[in-house]
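Pasting a structure below so you can have a look.
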Amino acid sequence: MSDAAALAHLLDLEQLRALGQRYARAADDRDYDAMAELFHPDAVIEGLRGTSPIDEYLAAAREAPPSFEASMHVLGDPLVELEPGADIARLDTYAVVFQVNALVGGGNMSLGLRYLDEVERRDGVWRIRHRVVRMRWATS
Amino acid sequence: MSDAAALAHLLDLEQLRALGQRYARAADDRDYDAMAELFHPDAVIEGLRGTSPIDEYLAAAREAPPSFEASMHVLGDPLVELEPGADIARLDTYAVVFQVNALVGGGNMSLGLRYLDEVERRDGVWRIRHRVVRMRWATS
Amino acid sequence: MSDAAALAHLLDLEQLRALGQRYARAADDRDYDAMAELFHPDAVIEGLRGTSPIDEYLAAAREAPPSFEASMHVLGDPLVELEPGADIARLDTYAVVFQVNALVGGGNMSLGLRYLDEVERRDGVWRIRHRVVRMRWATS
């Protein structure tokens, strides 16, 4: 790998890492415009309640009344597969989602999730094009 | 961004990331000298119990009897805003603080915090000059 | 530090970071072949149940019936000590291990661990040669 390629690779890794952190904040702020920016328009999410195109996924999320007063998505560092110079990366990210003060009945819930993402660079910008969400555990 | 600027930027990101991890260890070791090294002398903390200059904050922390036998500050990766070459960065870091074995009454407590830091490079060293601590949740 | 040395250093940090994430996945998948790849053959682990050479440690882990249905090792970013160009690094990593659905008696357990690793590059590959595991807390 040339120096220029190594440098570009390292910058790519930092952008991919920031993508996850921006997702966490968008989710916790329920900022669905910010969240839409992190996915390509033709992205698909295989979530905990089925598979949806991103626009349907976000529309459903906007309309759903929140279940908890607040949430916090705490992410581990992603394990990234990216060939230097490639425009597609695979990210495997562990997340613990803390959900606090259920609006019906009270109480908290924590979830252990694993995000398996295909992230693609288009026009110089990395965005998610496919996400699989796997629930590893849930406690309340 | 030139190659030299990109390289310097990447090294800055690694130093900023290490700053948070050093804070976590200093806090968990109750090593207030190590903690003082991470802040500029004129730094201000807007903490959970009000706003203080760093020296007052650390003096109060040194004098306070510990509430728990041990703590662990587990931090997510910071979301960093830093223009390449700039001497001021903004860091937004999620933290889960596990506090174990309360010295009065026993029991554990967990806190979800968000650190919003202004970090400044002076004489080549990055240190925090302003920190806002926001509590997102607490469970016991 | 020359540009070439800085670039090599940054690539080293990314490899060291990925090592921890690969460990987490190997542990949670109970993939002991993948785990063996992350340690030098002469590595030693000072674990929670005593000190063992890695091959004995892995043999015992393979034979032990699992205690829980699933686990998730969520790691903070490692604090890395590495002189640019050196072949030995020290990593200090915080980990929260979530263990779910005990196979006898049910219930969950969480552990707060700290991994203190000596990692060595041999033939261009970073692997752990000495690990100390310290338990900071456990809750169930």
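Each chain carries a letter (A, B and C) given by its place in the written order, and its residues are counted from 1.
One rule holds for everything that comes next: a contact is a pair of C-beta atoms (placed from the backbone, for glycine too) under 8 Å apart; a residue touches a chain by one contact, two chains touch by 3 or more.
What you are looking at is a predicted structure, and each value in this text was computed from that prediction instead of being measured.
K.L.:
At the chain B/chain C interface, shared numbers over all numbers used: above half (same) or below half (different)?
P.N.:
Under half of the interface numbering overlaps between copies: different.
K.L.:
Between chain A and chain C, two copies of one chain sequence, what rotation angle (nearest 5 degrees) aligns their Cα atoms?
P.N.:
Between chain A and chain C, the superposition angle is 120 degrees.
K.L.:
With chain centres taken as the means of their Cα atoms, state the distance from chain B to chain C in Å.
P.N.:
Going by mean C-alpha positions, chain B sits 25 Å from chain C.
K.L.:
Quick check on chain A: which residues sit in contact with 2+ other chains?
P.N.:
3, 7, 10, 74, 76-77, 96
K.L.:
Enumerate the contact residues on chain A facing chain B in the complex.
P.N.:
So the residues of chain A touching chain B come out as 3-4, 7, 10-11, 14, 17-18, 20-22, 24-25, 28, 70, 72-77, 96, 98, 100-101, 108.
K.L.:
Residues of chain B touching chain A in their complex?
P.N.:
Touch residues, chain B against chain A: 3, 6-7, 10, 13, 74, 76-80, 92, 94, 96, 112, 114, 136-137, 139.
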